[in-house]
Amino acid sequence: MDNPVLDRRSGLLESGALDIVRAGQRMDARGWVPATAGNISCRLADGRIAITRSGCHKGFLNPQDVITVDETGRPHDPAHRPSAETLLHCQVYRRMPDVGAVLHGHSVASTVLSMIEQSNALILRDYEVQKVFDGQTTHDATVTVPLFANDQDIARLAGEVEPHFGSMPAGYIIRGHGVYVWGRDMAQALARLEGLEFLLACLLQRRTLEKGTPAP
Amino acid sequence: MDNPVLDRRSGLLESGALDIVRAGQRMDARGWVPATAGNISCRLADGRIAITRSGCHKGFLNPQDVITVDETGRPHDPAHRPSAETLLHCQVYRRMPDVGAVLHGHSVASTVLSMIEQSNALILRDYEVQKVFDGQTTHDATVTVPLFANDQDIARLAGEVEPHFGSMPAGYIIRGHGVYVWGRDMAQALARLEGLEFLLACLLQRRTLEKGTPAP
Amino acid sequence: MDNPVLDRRSGLLESGALDIVRAGQRMDARGWVPATAGNISCRLADGRIAITRSGCHKGFLNPQDVITVDETGRPHDPAHRPSAETLLHCQVYRRMPDVGAVLHGHSVASTVLSMIEQSNALILRDYEVQKVFDGQTTHDATVTVPLFANDQDIARLAGEVEPHFGSMPAGYIIRGHGVYVWGRDMAQALARLEGLEFLLACLLQRRTLEKGTPAP
Amino acid sequence: MDNPVLDRRSGLLESGALDIVRAGQRMDARGWVPATAGNISCRLADGRIAITRSGCHKGFLNPQDVITVDETGRPHDPAHRPSAETLLHCQVYRRMPDVGAVLHGHSVASTVLSMIEQSNALILRDYEVQKVFDGQTTHDATVTVPLFANDQDIARLAGEVEPHFGSMPAGYIIRGHGVYVWGRDMAQALARLEGLEFLLACLLQRRTLEKGTPAP
């Protein structure tokens, strides 16, 4: 191991994989990665994308559960099998050069709200926590979280998401499936995921309370 | 200890008991084994079934709380007292040769939904997480979770369950009592338990929201 | 320290205090001892009652937070200040010689249900978990949990509870205040507390679901 | 480092920062500091106020995330950037000389209740846990928690709060934003925060249950 290029590449992956393992433990503690659901990625300094492989539990990741792919989703090691949803992570990295980490989780709140909402978005307003999202400086604003129909054809689903880049400060939700959130690094992506999930929990609670009462 | 057959049998039990202890801690952290409820088993490589003994708390198991029984539920050590529900575990192992682990837990969601549902099954559809269940490849399908009346006569209860093997991809629920879930190994059984409990939590939340509103 | 009687008494307290510290951590993890609420006691082998002193957080107890009192609630060390509710613990020990531990906790479910229920008891039936309570062998039975009005005069409150001993297999609830539960030792008391809180959580969920729907 | 005055000042900050780091971990475990929300402070023995800096996650604080300000909110180190809400903490310390710690958290319950309540306060009564608040000795009393409109102009918001000092035994709530709670030291402030959040959780549950039912 005295090839400095290989050493650097290996060190970058090790560090990225550690971020991913810890993010998985945090999401699991909150109940956002049930079963083998969810996936987690980050962009390494050399441009490779480190992402969880298909089929493992995100709360109990080992560094070996993290593989690398290029921006089109192709694994650098042909023996690796990325999950189909890797394409949605890569789409975010291609469209947003400043993004360093992408999180996909499944919460009860995002699943339920996305299945009962008839319109094509959830609307957040008047919450202080909105200020964690990209470019938000006040509670006194409206944040729109688009809802997309679930689809096992991920390329087609990515095509539906594509025109919305630039107007998704809080990420997006696939119906019955979960949220996609990103940030400049893992810490910011996790903070935004927590912010979005907190607000969805508030929204769900308010709908439960307001149901059957006349609008104010 | 220089009898290699005994040593191997003892090593198998030790490893199975460790899986069971850890599964109990996980189920307890989620609130699925209140009081002394629930039981946990796995099939050892030599065919014996390792299972929690009656009456202990599943969140604080010691390896000594795990006993072994044969496929009819008889303990290998006549001094051991298996719980009555051991028969339901053995039934799964007899009917499904590929199953390596069985979990029985009690959650608020499974208890409440099974007591208020008038029909004999809960229906899951359009959830991405359904893909964790046996043979499911898309959210766009229907998974049926049968509900059986509770019965202190476990042999009679097993008789009710018997004809449903082959059509229970997500396991089954005993009313007011809890879920039975299985997998090829402990990791898969736990993932399927988490998947089912997540979906039951979604279902409960949707019923709370939809109650009193006209069906869409 | 070569007085064997004093040594034994000190050893008994040390062991009882450890049980109490651990029970407090468990109750705190479940959210059942908010602020400085709740109290925890056990009967030592020499008849003394070890109990948490007034005013401390039950999730962060030190052994010094545990004092001893006699069966009338009088502290063995006159410098110790027991909480007023010590009398309710002592009443259980006097009335039930087999009881070794008493737990008093405050949950959202017990607080809310006891404040909205118009009758003088909560009724549990058809739940498998009922079998954890004193003398219960089937789900197919009715367990009555009496509700008493809260009162800052604890002697008067104890007078209200007194006639109910012998018919409280699951303990009792003080309205807006919390549950009292007991067992032959700390493990059984904790298991029964978990069982009762699980069933109250189910009851609360069912009332939320059934509200506004015609009775079946 | 042989300047005893500097050494003492540094020791005080170290100890206060440790209290703040632990309080943040506790609030995070309860879900009360999502994203980078919330802030935490304490008064040091030399009169300085130690407070979390802007923008960090309160569940993962390092001692370096704690800065000191004077009673007007000015940082002692001009390179430090306090959060705008520092002014609300300082207001409490100026108005209440006995207060040693102030906590600001964001829970689902406080956020939702403050956004749906039409009047300018939440009313707590008949709860035993009310006794944790300043000067309360019985459940049989009324505790008023004032609600203030959220405002990005913190000085103006402080002006709204100002006349209420002396009549806020449980702290106050900013709509869609969260609670402010205090105590003579960090332990009491945390106990009061837990007490208030417990009671808000009860209130939210009762509103869900009582919605649509005629008032008793």
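Going by the order they are written in, the chains are A, B, C and D; count residues from 1 in each one.
Rule of thumb we're sticking to: a contact is a pair of C-beta atoms (placed from the backbone, for glycine too) under 8 Å apart; a residue touches a chain by one contact, two chains touch by 3 or more.
Given the structure is predicted, the values throughout are model-derived calculations rather than measurements.
Student: Listed by label, which chains are in contact with chain A and with chain D?
Tutor: none
Student: Going by average Cα coordinates, which chain is farthest removed from chain D?
Tutor: Following the centroid criterion, the farthest chain would be B.
Student: With over half of the numbers shared counting as same, classify the chain C/chain D interface as same or different.
Tutor: different
Student: Would you kindly give the rotation angle relating chain A to chain B, two copies of one sequence, based on a CA superposition and rounded to a multiple of 5 degrees?
Tutor: Superposing the C-alpha atoms of chain A on chain B needs a rotation of 90 degrees.
Student: Quick check: how many Å separate the C-alpha centres of chain B and chain C?
Tutor: Those two chain centres are 31 Å apart.
Student: Round to the nearest whole Å and give the separation of the Cα centres of chain A and chain C.
Tutor: The mean C-alpha positions of chain A and chain C differ by 44 Å.
Student: Note the residues in chain A that touch 2 or more other chains, in rising order.
Tutor: Within chain A, residues 208, 211-212 contact more than one other chain.
Student: Flag every residue of chain D that touches chain A in the complex, lowest number first.
Tutor: By the definition above, chain D touches chain A via 31, 34-37, 57, 106, 108, 111-112, 115-116, 118, 150, 152, 174-178, 204, 207-208, 211-212.
Student: Please output the residues of chain A touching chain D within their complex, sorted ascending.
Tutor: That would be residues 126-129, 132, 137-140, 187, 190-192, 194-195, 197-198, 201-202, 205-206, 208-213, 216 of chain A.
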